[in-house]
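The chains carry the letters A, B, C and D, assigned in the order they are written, with residues numbered from 1 in each.
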Amino acid sequence: MTNFDRADSLHSTTSSDGAPTWQTSAWFNSEPSTLNDFRGRVVVMHAFQMLCPGCVSHGLPLMHAIRQHFPRDQVVCIGLHSVFEHHTAMTNVALEAFLHEYRIDYPVAVDQAGNDGDPRPLTMRAYHLRGTPSLLIFDRAGRLAAHEFGAPSQLAVGATIAGLLSEADLRNAADQPMSTDGASTNPPTDGCSAAGCAIPG
Amino acid sequence: MTNFDRADSLHSTTSSDGAPTWQTSAWFNSEPSTLNDFRGRVVVMHAFQMLCPGCVSHGLPLMHAIRQHFPRDQVVCIGLHSVFEHHTAMTNVALEAFLHEYRIDYPVAVDQAGNDGDPRPLTMRAYHLRGTPSLLIFDRAGRLAAHEFGAPSQLAVGATIAGLLSEADLRNAADQPMSTDGASTNPPTDGCSAAGCAIPG
Amino acid sequence: MTNFDRADSLHSTTSSDGAPTWQTSAWFNSEPSTLNDFRGRVVVMHAFQMLCPGCVSHGLPLMHAIRQHFPRDQVVCIGLHSVFEHHTAMTNVALEAFLHEYRIDYPVAVDQAGNDGDPRPLTMRAYHLRGTPSLLIFDRAGRLAAHEFGAPSQLAVGATIAGLLSEADLRNAADQPMSTDGASTNPPTDGCSAAGCAIPG
Amino acid sequence: MTNFDRADSLHSTTSSDGAPTWQTSAWFNSEPSTLNDFRGRVVVMHAFQMLCPGCVSHGLPLMHAIRQHFPRDQVVCIGLHSVFEHHTAMTNVALEAFLHEYRIDYPVAVDQAGNDGDPRPLTMRAYHLRGTPSLLIFDRAGRLAAHEFGAPSQLAVGATIAGLLSEADLRNAADQPMSTDGASTNPPTDGCSAAGCAIPG
């Protein structure tokens, strides 16, 4: 059983409001950014490696669902390419092709490699991440509110993010179209389909 | 695209606080209950038919995930068997076997049939449900806060429920073990598995 | 690990060519039939219960895939409703509604109940089935060629059926359109989709 | 709708028995091999790109299922890395890491790049492949027996391969343990599980 723990005591190096500074060497789909740039919004960061199977099968669909459901002026999605193995394979050139093929259009930062022989990049160390995929959720004030290594359920992640938004924010979110698993999950207008049974007439 | 709309103006027959009274003819896994009995808790009601394919493939796993994630003293799950077709097949005897085979152990009410020739049972009519599965979410005060026909994403449902809990509730929820898709989604302790890649050592 | 065993020595009561006679009390989507009626064709029989979760989630999609792939003049699909529990729930009236809701249009026979207190119906006993779903595959001569309890992989079932068809049959089958998991599995005509990457131009 | 066509008239450059020669620049998990080396066995070749989403989600699990089901002295699985885009990202160094992370231990060849400005590698051109994933199935005599672009159903692929094996081969294959979707698909020994319902006692 995994836990989606609150982790307010996690930090080592800290920015003004407690969360360690993101140490990055490149950004895709965005200008270089800091946590402070997103003050006032909830930030969901997906620490991944492009060749990590669980990142591709669990992490990317989760980030896609978050992007579909929450208003983008309230919830920001960011990828963090935290390479701790196969460094010669997972280069920035390779990452750029990966982002293109998987149609990832939100900001993706590259976690900065150290020069001390430790294969783990610097932000990964500062946040004491255990591996990839890891999900880091920051509240509106830039504090680390939750983190998870592995594949949390989408229901739990939705609940955690919503808990960081105000009631007014959620009312707006509820007016957004909701992501589904695709056309087959839309309810029918008559009879039964894979998604449901409609009252006739 | 489906919407998970707020629907405060939906009601017809109303109880003291606005939501129509549940009109039921039988209960499984519980004494007969009313919405008032759950005052102070969020109530998630799954209106379903046992022979509705989408209820089985989407609705039941959704209810299971809600049960796994949220503390049961904060969020109550209830099934409502709202039969509007094949009435001679979906009897209470058949429902009881269905609940046993699908291992459903939360309260399930039977929506009361009318005697006016309308195939739709009474609660289904009072809430203007379009078919099954339909999800009804009531806030702590017993007001209908959200409803949905079809197969909403688990992320959206998790967010909606969390939005109805106070911050204190959510802090408790975050301490609960989180449901995952099963053993294969637990992160590895070394190397890569289907769920993730762990930092060695 | 399950095995998809050849089972030529399985039989108890036998028809002229070895396989036990089907003992049935009703048929849906077909006139009453015997194994002999299908001589010359491969017969795939799905012994199921309408309230068995694995039958719904694994068995029905498997039968659907068989129907989509193989020519119907070569491979016959038949359901066998073998109720060994909850008899008062899984009646013929309930089964008829089930077949309608799940859009099953191939022949479905009802395995005949005994009158000796044994809850297992007669055909289930004659074939020594261990439960539902069970798959029984008969060759063109009406011999039981393979059987399986549980959820065999679709690849293995496809291979087993093909092994019972002649090379000429398979050549015809290969000219049939192939079932896929739905529209999302069709390859793209340009760029990458969930199903593949097309060479541009 | 996709078709899993027989394609005996497909070839351009041909080896002695009709199929174009594989033109490769590197091999992983194997010494360099030719189609002739596998004479007497059915050969299933998966032309893929490591950054093609459909290759990862459909092609790799299909190859895994083939490896699990068929005896390896009868059916040979080979990957062909046919890069036609993002050449600087999908290098041999990156491929080696990919094979490690996805635990691919069968032979994988690298399709040889041309030097004429055409982004398509040479074997891809010789077989007129439309993109990735493409599946190529060769019979025991080294003839191309079937090919497919996209995501064919596992049932269809199992049937096609079986059609190329003799009856004696299939009898052996039927004695092999069968791959399933994992532990949850094994049938229960008592009561109902996700995979099935067992007769008590």
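One rule holds for everything that comes next: a residue touches a chain if its C-beta (ideal position, glycine included) is under 8 Å from a C-beta of that chain, and two chains touch if they have at least 3 such contacts.
Quantities reported herein were computed from a predicted structural model and do not represent experimental measurements.
The most distant chain from chain A, with centres taken as the mean of CA atoms, is C. More C-beta pairs touch across one of A-C and A-B than the other; that pair is A-B.
Averaging Cα coordinates per chain places chain A and chain C 43 Å apart. Annotation: 33 Å between the Cα-based centres of chain A and chain D. Here the spacing of chain A and chain B, counted between their Cα centres, is 27 Å.
In chain B, the residues that touch at least two other chains are 52-53, 57, 85, 101, 192, 197.
Remark: chain B residues 101, 103, 182-184, 192, 197 touch chain D in the complex. If you check the complex, the residues on chain B that touch chain A are 1-6, 49, 52-55, 57-58, 62, 65-66, 68-70, 84-85, 120, 129-133, 146, 148-163, 165, 167, 170-171, 173-181, 185-188, 192-200. On chain B, the positions that touch chain C within their shared complex are 51-53, 56-57, 85-86, 88-91, 93-98, 100-102.
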